[in-house]
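Just dropping this structure here.
Letters are used for the chains, namely A, B, C and D, taken in the order the chains are written, and counting of residues starts over at 1 for each.
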């Protein structure tokens, strides 16, 4: 994920002029970079916590992990598309679709780890009910639906989901203590 | 390999327009990206399992590993060429040639590790007969041969090989348990 | 950070001609690359020492770390802008602003780790008074202020700060011994 | 170094046409990529062996390491320049200069580690006399000198040095056994 984050910086091309005003044209790209950086940071963080609580890695876990990485690897692509087309409906929706697929993969990865660990899974006890996961998924779906009419509202939803997760997963942290 | 995967995303340039129809032109690149992602994921996975069962790293092992990495490092290049020239014979064949060379390197790497570990090699016992390895190599050769006449059939073969390997190498997993 | 450094090399595009004189046009980019390489090297080094002295990683620490990485991730961008516009005021100032924000994040990260570790923090004892941190911040601010009039002097300040830090943080090294 | 290697693949742009003949134009770039891959592989390998025999990492060691990484980080740049200007004198010489500076940095790094470890340095005993290091440096200097007249001979020298080092440093391997 560290690599994905840095790959995204490559989309932040330097402006052609040398004045502050030339920096203006980079603003949408910068904002979409900032949002995607937050998302990848959140995934990095929670993924780190999740693996800390994981005791058994099976083939199924590795593949669920790979699916998550696949959707996250498309984040730089949608970030660049969204950044280049300020608030256009299609990139706004695709941004949400990729986030939605990543969120579903993350939830599946959690379930796969818990299944592999059996009834005494530490991760299961640590997570409890996965309310945050399902709330996020509902918000993504809403954001995708409204993107055809009011794209800025979709971004508002993406920001809200990011803020919900910005607090790292204390559930696991608390449990590991 | 994580780096190679992310490097490939850079080939997925954002489309020039902001509509869903503009995304259409990216479809062949996306499909070749998806196939290559699966292949690199498979190698990552099995390579991880192989190293887990490896107890002795000699210079020869390091160099066999380097040869594997060399061919895998060319995957982003052939992916980009194949993606830009939908079903053209030459890129289709070269895609298979690189996969074939990577598969041969992987088989040589396995043999080198087993040789370095001597008669009691855990890896040797875990792998048993390397049927999957030789079946893949035969399928690659067939795909390269037919690429001059029916390129889409070559891709069908590439997908079949990927599916054969998608099940991670339970042989090693079972043995390590 | 290793990735950020290598990403920056991508900005060093090969000159169009094949003569030594063609290399000349690459000089400003090369010098800005050299300066940024030193800075990222310094951060890598001191970050490594800091984490060695860190015993407890909380969510707050992870987020302070993420903030530091965000500002450092913008270094390739400002390096490219500064390199393309030799000594222009705006890129010179922005270069300093990003360095300043990274330095503030580093100081906050240190404070967050110390707070998480409580009264017996090893890092706290190792660091002692953070004079170097505040001197750097003062020099960055000065450099940003003068960039509107004498941009080369700003770079002189950036080089001075780099030299101050080039000596790795013996405070921690001494303490760990 | 893995990152540097993969960064180089980005210089291997796909040819514009879809025929085997279009691949022809990529041949010089491919050959320079192959040579640089071998060099970075050799450094990776020997660097790995060196660190295995290193017991004490001081600030000086970290900085000597950083200097080595700096020169190696320029390898993708000179590889691209050399690949784009088949056998032109200036890129040929610069390629050698960067390799020479990397080799000197490597020798200095070895000496710094040995100095940090004191009279009983394992690395010192493992390395013995550093004949290979000095032979390489002499060959690089010769290659740089002749590049103005017969550039292909310079590449012959670069290949010879690579072959000398391709055998991984058995000195250390033997000693660690």
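What to note about this one:
One rule holds in what follows: contacts are C-beta pairs under 8 Å (C-beta built on N, C-alpha and C of every residue); 3 or more make two chains touch, one makes a residue touch a chain.
These numbers come from a predicted model, not from an experiment.
The chains that touch both chain A and chain B are none; no such chain exists. The fewest steps needed to get from chain B to chain C, moving only between touching chains, is 2.
Here chain C and chain D face each other with different sets of residues for the most part; under half of the interface numbers are shared between them.
Centre-to-centre separation between chain A and chain D, using Cα means, comes to 39 Å.
With each centre defined as the average position of its C-alpha atoms, the distance from chain A to chain C rounds to 27 Å. Counting partner chains per residue, chain A shows two or more touched chains at residues 3, 7, 10. The touch graph of these protein chains is a ring, one cycle where each chain has exactly two neighbours.
Pairwise chain contacts in this structure: A-B, A-C, B-D, C-D. Within the complex formed with chain D, the chain B residues making contact are 3-4, 7, 10, 58-59, 62-63, 66, 69-70, 73-74, 76-77, 80-81, 84-85, 88, 90-91, 94. Of all residues in chain A, those touching chain C in their complex are 2-3, 5-7, 9-10, 12-15, 17-20, 22-23, 34, 37, 41, 44-45, 48, 166-170, 173.
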